[in-house]
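Both complexes shown next keep subunit A, but they swap its partner, so subunit B is in the first and subunit C is in the second.
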Partner chain A sequence: MTISGQKVVIVPCSGIGKTYGSVSRQAAYIVVEDLRPEDTQLAALSLLVMGDEASRAMLAENPAITIDGCKLACATKMVQESGGTVAQAFAVLDVYRRYKQFKPQGIAELNEGGEQLAHVLAEEIVGIVDHISIDSDVKDHHKGCENG
Partner chain B sequence: MPEFLEFTIDKFTFRVATDRWYDAAGVWAMPEGKNVRIGVSDFMQQRSGDVAFAEVKPAGTRLEYDDDAVVIETIKVDITLGSPVNGTIVEVNPALETSPEVTNQDPYGEGWLAVVEASDWETDRAHLLDPQAYFEKIKKQAEEETR
Partner chain C sequence: MVDLPKKKVGIVSCSGEELAEGTVTRLAALKVLEHLRPADTVAICLPLFMAGGEGDRAFARFYPTIAVDGCELRCAARATEMYSSKPAASVMVRDLVIENNLGQPEGKRHLNAAGLQAVDVTAEQIAALVDKLLDKRWDRRAGTFAAGSQDTSVCPQDMAETGKEATCSCGSGIPIQKLIISGQEVTFVGLPLIFQQFREAGKAPGDAILSEIMDTVKIYNPIPVEAKAAYGEAILGEYRVFWGKEIAR
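Right after this comes the complex of A and B.
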């Protein structure tokens, strides 16, 4: 967590029954539950679509990283429409093109390739989370110095 | 005839370029002198989803009609496409290597797949559908699928 208490909001695709949507959610869980639980929090795209006030407030106060399962980019668009700031938008397909060996298959349960793709995607997201956290800490530190 | 025939179903609009021929699977063939440029139709690319990879047999490959020529992997499905013509591949679209999404973005233009030196285009053409026939076929198919 940054000094100011911000947590990066991770917003994955809500495409149920879609392999790439499953990869996006799996990557989000890996980041939020395993890799950076102190620095990140999960937001459900479905709640944003419904205009959930708590989710909108979360986005108003914290930067977001979106993970889209297809070119419709619902996660990214919905965060923007909800007044949030997208610090980085990921697309599962773009990551897969870089890791062709991890072919995702399956829906309710991803195959090994899908799991591995989710892991490499999660690692890329963590890189951005850490960058955001460092930036925030530096800004907070400067503010602290200015305030004596 | 207009440049494109098109119809809309639900939120989807499908276009058929009128300057080429089509096989039943949705591969188009457009003669260019002794060569034939091939690609996929707008209907096919929209139904198949975002392209992850498109692999065409290399230049120099000899193809008979309907021989496996292209494998396209999308977010929904893997598709193997047969050649709409007899001949030899003389060029593969280099953009497919780095930007396979061009197949979705511009299926009748920059998203072409290969150029084949056709050995008997007039005979090949007899296997293919003209734009109007292909248009009627996919329109009927789309309407049946949305019932």
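Right after this comes the complex of A and C.
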């Protein structure tokens, strides 16, 4: 969490028809639950689809990282439609192109390749989260100096 | 000669990431789609409704859908109704947990035993609704559908004979049809189904129905303003062919 209390919002697409959707969901959980629980929070795409006020407020106050499973980029589009700021948009397919040794399969249950791909994707997301957090802290620090 | 794909049921799950019940909806929907009723169901992606998935919207407009929600907010049911049409049936995991005296599902990534039980119960409920919507009776003893209860709609394979395809960008099974307009091939989503609806309503091809059929086609397909007349002529011409085939049957 930044000094000002901001938490990066992680928004996976969670597409139900493709393996990459499951990878996006799994990567989001790894970031939010395991790697950066203090710095991140999860937003449910279904709530955004319905224009949920709390979710929109969360996006209005915090930067978002989206993870899309296909070219339709539902997560990114939804965050933008909801008035949020996409700090970084990840596409699982692009990540897979960089790590072709991890071939994902399965939707309800990912194979080992899918789990590994989710982990490397999560590590890339964490890099962005840390960058955003440091930036925000520096800005908060500067504000504090100016005010104090 | 057949023109329509086999009737299927669309499954829309909320997949809510922030609740264990959301994971239950996702896994239950996948169990139905992949194992219990793979031939009778298609997945409909909830976010695609909003992100402009015309295929998904069109499918839910023409075919029955089952909304599967994790909690009282019922995002899947409400979104389906808002962006397409009212779901034919609705399932809510929390209701099923209470009705079946199940434990509290926990674990968004890895469901606990109660969560896995909820997946099974929810999937069975969805499968039963699919059968009801398709008017099928499942013979538990035989492990197959009872004789005489099969849906009599045509099969997707039959469509290949007519040059139509049972596919779209989302893979939901909504039929598309390609027409040549001003020398260009143009793909129309849902056209065979629109023709079928007009045919069943007894609306014979002609100038009298041109405006109405174009309004319906426009819901699912972009019509360039400058080519409106050419599109209308091509669509009406194709409807005449469809009408003729139906009369000849």
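Everything that follows uses one rule, which is that the second predicted complex is superposed on the first by the 147 of 148 C-alpha atoms of A that agree within 3 Å, B and C clash if a C-alpha of one lies under 4 Å from a C-alpha of the other, contacts with A are read in each partner's own complex, and residues count from 1 in each chain.
As a convention for this text, contacts are C-beta pairs under 8 Å (C-beta built on N, C-alpha and C of every residue); 3 or more make two chains touch, one makes a residue touch a chain.
Keep in mind the model is a prediction, meaning the values are calculated, not measured.
Partners subunit B and subunit C clash in the overlay (superposition on subunit A).
By the touch criterion defined above, A:93 lies against subunit B but remains apart from subunit C after alignment on the C-alpha atoms of chain A.
Touching more residues of subunit A than its counterpart among subunit B and subunit C is C.
By the touch criterion defined above, A:133 lies against neither subunit B nor subunit C after alignment on the C-alpha atoms of chain A. Touch criterion not met for A:66: it reaches neither subunit B nor subunit C. In the superposition on chain A, contact of A:19 is made with subunit B only, not with subunit C.
Among the options 23-31, 185-193, 221-229 or 239-247, the segment of subunit C that ends up inside subunit B in the superposed model is 185-193. Of all residues in subunit C, only 13-19, 22, 26-27, 29-31, 34, 43, 45-53, 73, 75-76, 78-79, 82, 108-109, 169-171 touch subunit A in the complex they form. Partner subunit B is touched in their complex by these residues of subunit A: 18-20, 69-71, 93, 96-97, 100, 103. Listing the residues of subunit A that touch subunit C in their complex gives 12-17, 25-26, 28-29, 33, 42-50, 52, 72-75, 77-78, 81, 107-108.
On the subunit B side of its complex with subunit A, the touching residues are 49-50, 52-53, 73, 75, 100-101, 104.
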